[in-house]
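Next come two complexes, and both contain chain A; in the first it sits with chain B, in the second with chain C.
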Partner chain A sequence: MAVMRNLLGKSGPKIVILVTSVFFLLPLLAMTRFAFQNIGVFDLSWSKAFDKWTFDIVSKPFEDQYFTDSLYLSFKIAIGTAALTLGLLIPTAIWVHLRVPKARVLIEFMTVLPYVIPAIALVAGIVVIKPHARWFLNSDLSLIPFYTVLALPFTYRAIDSGLRALELRTLVDASRNLGAGWIRTMVKVIVPNLRSAIISATFLTVAVALGEFTIANVLLKRTFPPFINEYRMREPRAGYALAVLSLLFTIFIFGLLSVALRSPSAKSHQNSTKSREMS
Partner chain B sequence: MTSISFRGIRKTFGSTVALEALDLDLRPGELVSLLGPSGCGKTTALRIAAGFEIPDTGIVSLGDNDITRTPAHRRNMGMVFQSYSLFPNLTVAQNVDFGLRNRKVEKATRNSRVGEMLELVQLGELGKRYPHQLSGGQQQRVALARALAVQPEVLLLDEPLSALDAKVRSTLRDEIRRIQSELKTTTLFVTHDQDEALAISDRIGVMSNGRLEQLGTPEDVYLRPASPFVARFVGSINELPNINGAGKILVRPEDVTISANENELTMRGTITRVTFQGPVTIISVRVDITDQLVNVHAASGSIHAQVGDRVSLSVTPGRGIIEAA
Partner chain C sequence: MAWIGLVPFFAFLTLFLFIPAFSVFSEALRGANGKFTLDSLREGISGQNLEAFKFSIKFSAGAAFVGVVFGTLLAYAAVITKRPKWLRSLITSFSGVAANMGGLTLAFAFVSLLGRQGVLTKILAALGWDLYSGNFGLGEIPGLITVYSYFNIPLMVLVTIPAIDGLRTSWREACANLGGTTWTYWRRIGLPVLAPSIMGGFLLLFTNSFSAFATARVLTDNSKIVPLRIGFFLGGDLSVGEDSIGYSLAAWMIIVMAVCMWLYWILRRRAEKWQS
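And now, the complex of A and B:
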C-alpha cells in the first residue's frame, strides 16, 4: 500500500477518480451514442463521435400505450413504499432508540439482510407462498411490502443516523413534560427534527421502487423497469434512449435530495446539533 | 404552591438499586436540592417526580394526590434538563408556547404569557430566534421560561447549570433563585456541585448509594453533617486522630485553630506549605503522631506562618464529627 501511495503521489486520488469515472461513464456514453446517434452500430467509431446526433427518438417511447401506465404504476408503488417504509420505520427506530437501545445491533443486522440476500432469493420465497396468497399477489400493489424490505438497508440507516444526531431522549422527555402525548411528540417534535433523514429515506425508497426489476418481472407486474426491458427488445434505440432518460431522472432526484438537505431549516438543524456538540 | 412528597420509594434497574426507601417532603414554595455523586440516585428521584420512571415500590404525592402512576404528560410539572432541550425546529417563542398549546390555552393568553416569561428571563427581544442562534446560557434561560410558562405545580431542575461555563453558571444560578423566590414555585434541584446547592437551596438532601444521608438547611449540612459521608462530600474536611478515644475526628479546615502554645488537647506538627488565596490563607501542617497533612484556613494577615514552623493544632469546641474506627 505504502509503495503504491509513493508511486501515485499526490495525484493518486485523482487517478483513482478518473479510472472509476471512465469505468462507469464509458458504457453509459456508449449507450447514449447508440440511442441518440442515427448511425449504424458498426459505424460508431471515434471519428464519428459528433455526427448525426438526434433527439427525435426521445418522443417515441412516450407514444407507446404501456409507457404511461407502467410509469404511473411505478410511481404509485414508489409512493406506497415510501409511506409504508416511513410509517413502519420511524416509530420502530424511535422505539428501539428509547426503549431497547441494546437491540440496535440486531436491528441493524436484520435490515442489512435484504442487501446481502439477492432479490431472486426473495422471489423464490414469494413463489412458494404464491398459491396461498393469490388474492394478495394478484394486486399490483403487492409489490409495496417487498420493496419496503428491499429498501430497508438504505432507509433504516438514514433514519437511524438522523436519530443519533438528535438528543432524542431529552427531546421526548421535554415534550412529554410539557404536556404532549406520544402522537403529538412524534408529529411536532421528532418528525420535524428528522426532516433530512426522512427526505433521504424517501428518495432512497423511491429510487429503489422505480428501479427494481427482478421481483416485478417474476410476478408479471408491468412496472417501469420491466416495461423498459420489454420495450428495448421491440425498439432497441428508443429503449436505450428511455433507459438514459430514466437514469437522468434518477440523477435529478438525487440532485433534488442534496438541494433539499441544504435548505435553510436543514442547515439550522445541523448547526444546532453542531453548537450542542461544541458547548 | 404545592407540596410534593416521596414515601418509601425504591427503584431498581436490573440488579442495580438506584433508590432505596427514599422519604422526602418538599414544602410548598420551597427549593430543595438533591446533592450527591454520580450514580447516587438523585436524577432517578427527579425522573420519578417527573413521571419518566415508575418506582418499584412507594408513593409520590402532589399535595394530597397520589401521582405515582400518572403519565408524565398529565402531571403539571416543569422541567429543565442538563443538556439544552429546546426543540431545534421551533423559535424561542414557539418553544415557550409549546406547553401552553398542549394545554389548549387561548391564543391571547398564550401570547401574553410567552412575552411575560421571556421578560422574566430577560430575553424579551429574542423570541424570533432559533435555539442554535443562542448561547448556552440563553438556551437554558429559554428552557427555564418554557418550564415556567405552564405555571407548574413543581419545578424540576436536572443539573441545569452543569453544561455552562463558570461565569454564566453563577449568574444563572442567582437568576434561578430570584425567579423561584418571586414565583414561589416548589422546586426540586438536582446537582453534584456543592457550591450550587449551598448557595441556592432552602434545604439540601445529600444522597449516597440510593439513600438520603441527610436532609437539612445548608448550614446544617455544612456545619453539622449527619454522617462521615456528608462531612466528606460537602466542603473540605480534615481527618485528625481522636486524642480522647478511638476513631477519627472529621473537621472543617476553618474549625482548626493554629497556635504556638502547646497543651494536652493540642497536636503538634510542622508547617509544610502556605497558600495565599486572597481573603483566606491555607496552611498545611504535617501532624507528628499520624504523619497526616491537615489544612487550616486562617484569615489572611491574622497569622504569620512560614514553612518549617512548629505549631499546635486544636479543634474548635463543638465542631467536627467522630468517625468510629
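And now, the complex of A and C:
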C-alpha cells in the first residue's frame, strides 16, 4: 500500500504528463505523415516508416488560383480586424478607466457576450438581416466587424489588463499639464505604454480572423479556411500539407508573441532595478 | 455626460451583435403569416430537434467531463513538477496554442489519425482491433469526445492553473499538524477550494463543445449535432416555412449558452475569493 502510494505520489504527475503528451502529439504526427509521406495507408508498414518523405507537395497549392486569392483575402480581413479592434477598443477602454469607472463591469459583461452568442448563432442572425443590407454584406470585407466581435472577449481583456497596470490618471495629468492635447497624449504617452497589451490584442485578432470558418462557410465567402476545407477533398495530401503549414504559422505567431512580450518587460524590470539602485 | 464616450462602442455592438441576435429571436417567433407565434420555438425542441439537443448535450457534457478531469490533473502535474524548470511554461504555452486550435486543422489531424483510413485505425486493425466494426465514428459520441478533448484539456489547464497556484502550502501543513492525512487534506480543504473553479471550468468546456461548428463540420455530416443542424437549415434548400426551424434552433442555443454563462459568472466570483 505504501509502495503504491509512493508510486502514485512520485510518478503520478510524470505519468499524467507523458500520457497527455502522447495524446497531443499523435494526431499532429499522423497529419504530418499524410501530408509529407508519399505512401498510401494500405502499403504502410514499420519497415517503410521513413521511406518516401518529400516536401514537394508544398508547391502544389500554388497551382490553384483560389489558394493565393483566399490567402490574400484572409490577410486583408485579418489586418482590417486588427485595425478596427484597436481603433475601437483602446479609446473605449481609456475612456472607461478615466471617466466612467462605474461602467467597467457593464463593459466587461458586454465583451463576453460573444460566448453567449457563438459564431453559428451570430451567422444565423446575419442571414436574417442579409436581405436588408445586401450593399454591405455582399462585400467580402463585411466579415471584418463580425470577426472583431468574435475576438472581443480576448482582445478587450488584453487591453483592459494593460491599462490596469498603468498609473493612467497620473500619466494623463502629467501629459496635459505639459501642454499636450488629448490626441498627443494618446499617441505619445498612452499607446507606447500599452505596447505589450496592443501586441497581444493584435496577435489574438489575427489568429481569430485567419482561422474563422463558421461565418465564412455559411455566408459562402472564399476566405482561407473554407478554401482549405474544399481543397482537401480535391487534393488530400496538399490539403493536409496546408493544414500543417498553417498550424506551424500559428505556433510561430504565438512564439513571436511570447518573445515580444517578454523582452520589453524584462527590460523595464532592469530599468526599474537600476533606477532603484541610483536613488 | 461622461457616457458619451461609450457611444461608438455601443453603436458597434448594437449593429454587429445585438441586431443579429435579436433578429434570430424575432425570426424564431414569427409564423409563416408574419404573426407572433411560439410554434417554431416549440418545434425547435420536439421530435428530431429534441433528439439533436439531447445528443449534443450528451457529448458536450461527456467532453467537458473528460476535459475537466484530465485538464485538472495536467494542471496539477504542471504546478507541482519543479524540474525541469521549463516544463510548466512549455505546458502553458502549448495549452495556449491548442486551446485555440479548434477548427479545421484539428479535425484534419484526427481524420488522419482515427478516420477510416487513419494511421492509428490501421495499426489497431493490424493488431486485431477493428475500431469501425461497432458504431464508432468521429461524428459519434466517443469520437467527438476524443477530438474535442484536444482543445478542452488545454483550456481547462489555462483556467485551473491560477486556482491550483492559490492552494497554499500553509493549509497543507495546518492540516498535517492537526493530524489530517493527504486524503483529509483533499477531501476537506483542497477540493472544496478548487470546487468553484472546477465547476466553472466544466461549464466553460461544455459551452465550448456545444457551440463548436468548424471541427464538427469537417469530421461528420451528423445532423444530430446542433450547430451543424443550424448550418444545414441556414444553407439548405428547404421548403418555405421550414427555415424558421433553423432560427428556432439558434435561439435555443443562445438560451442554453446564456444559462451556462450566467452560472459560470457566479462560480467565477466564488473562485476568485481564494486567488489573491
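Quick notes on this one:
The definition used in the following text is that the second predicted complex is superposed on the first by the 235 of 279 C-alpha atoms of A that agree within 3 Å, B and C clash if a C-alpha of one lies under 4 Å from a C-alpha of the other, contacts with A are read in each partner's own complex, and residues count from 1 in each chain.
Note that a residue touches a chain if its C-beta (ideal position, glycine included) is under 8 Å from a C-beta of that chain, and two chains touch if they have at least 3 such contacts.
Quantities reported herein were computed from a predicted structural model and do not represent experimental measurements.
Ranking chain B and chain C by residues of chain A touched puts C first.
Of the two partner chains placed by superposition, only chain B is touched by A:Asn193; chain C is not.
In the superposed pair of complexes, A:Asp173 makes contact with chain B only, with no contact to chain C.
In the superposed pair of complexes, A:Gly239 makes contact with chain C only, with no contact to chain B. Of the two partner chains placed around the shared chain by superposition, chain C is the only one that A:Leu122 touches, whereas chain B remains out of contact.
Overlap of the chain B and chain C interfaces on chain A comprises no residues. Contacts from chain A toward chain C in the complex involve residues 12-14, 16-17, 20, 23-24, 26-28, 30-31, 33-34, 41, 44, 88-89, 91-92, 95-96, 99-100, 103, 107, 110, 112-129, 145-146, 148-149, 207, 211, 213-214, 217-218, 225, 228-229, 232, 239-240, 243, 246-247, 250-251, 254, 258.
Against chain B, the residues of chain A that register as touching in their complex are 167, 170-171, 173-181, 184, 188-189, 192-193, 195, 265, 268-269, 271-276, 279. By the touch rule above, chain C contacts chain A in their complex via residues 2-3, 5-6, 8-9, 12-13, 15-17, 19-24, 26-27, 70, 73-74, 76-78, 80-81, 87, 91, 93-94, 96-98, 100-101, 103-106, 108-110, 112-114, 117-120, 122, 149-150, 153, 207, 211, 213-214, 217-218, 227, 230-231, 234-235, 246-247, 250-251, 253-254, 257-258, 261.
Contact residues on chain B toward chain A in their complex (touch as defined above): 50-52, 71-75, 77-79, 81, 83-89, 98-99, 102-103, 130-132, 136, 143, 146-147, 150, 156, 163.
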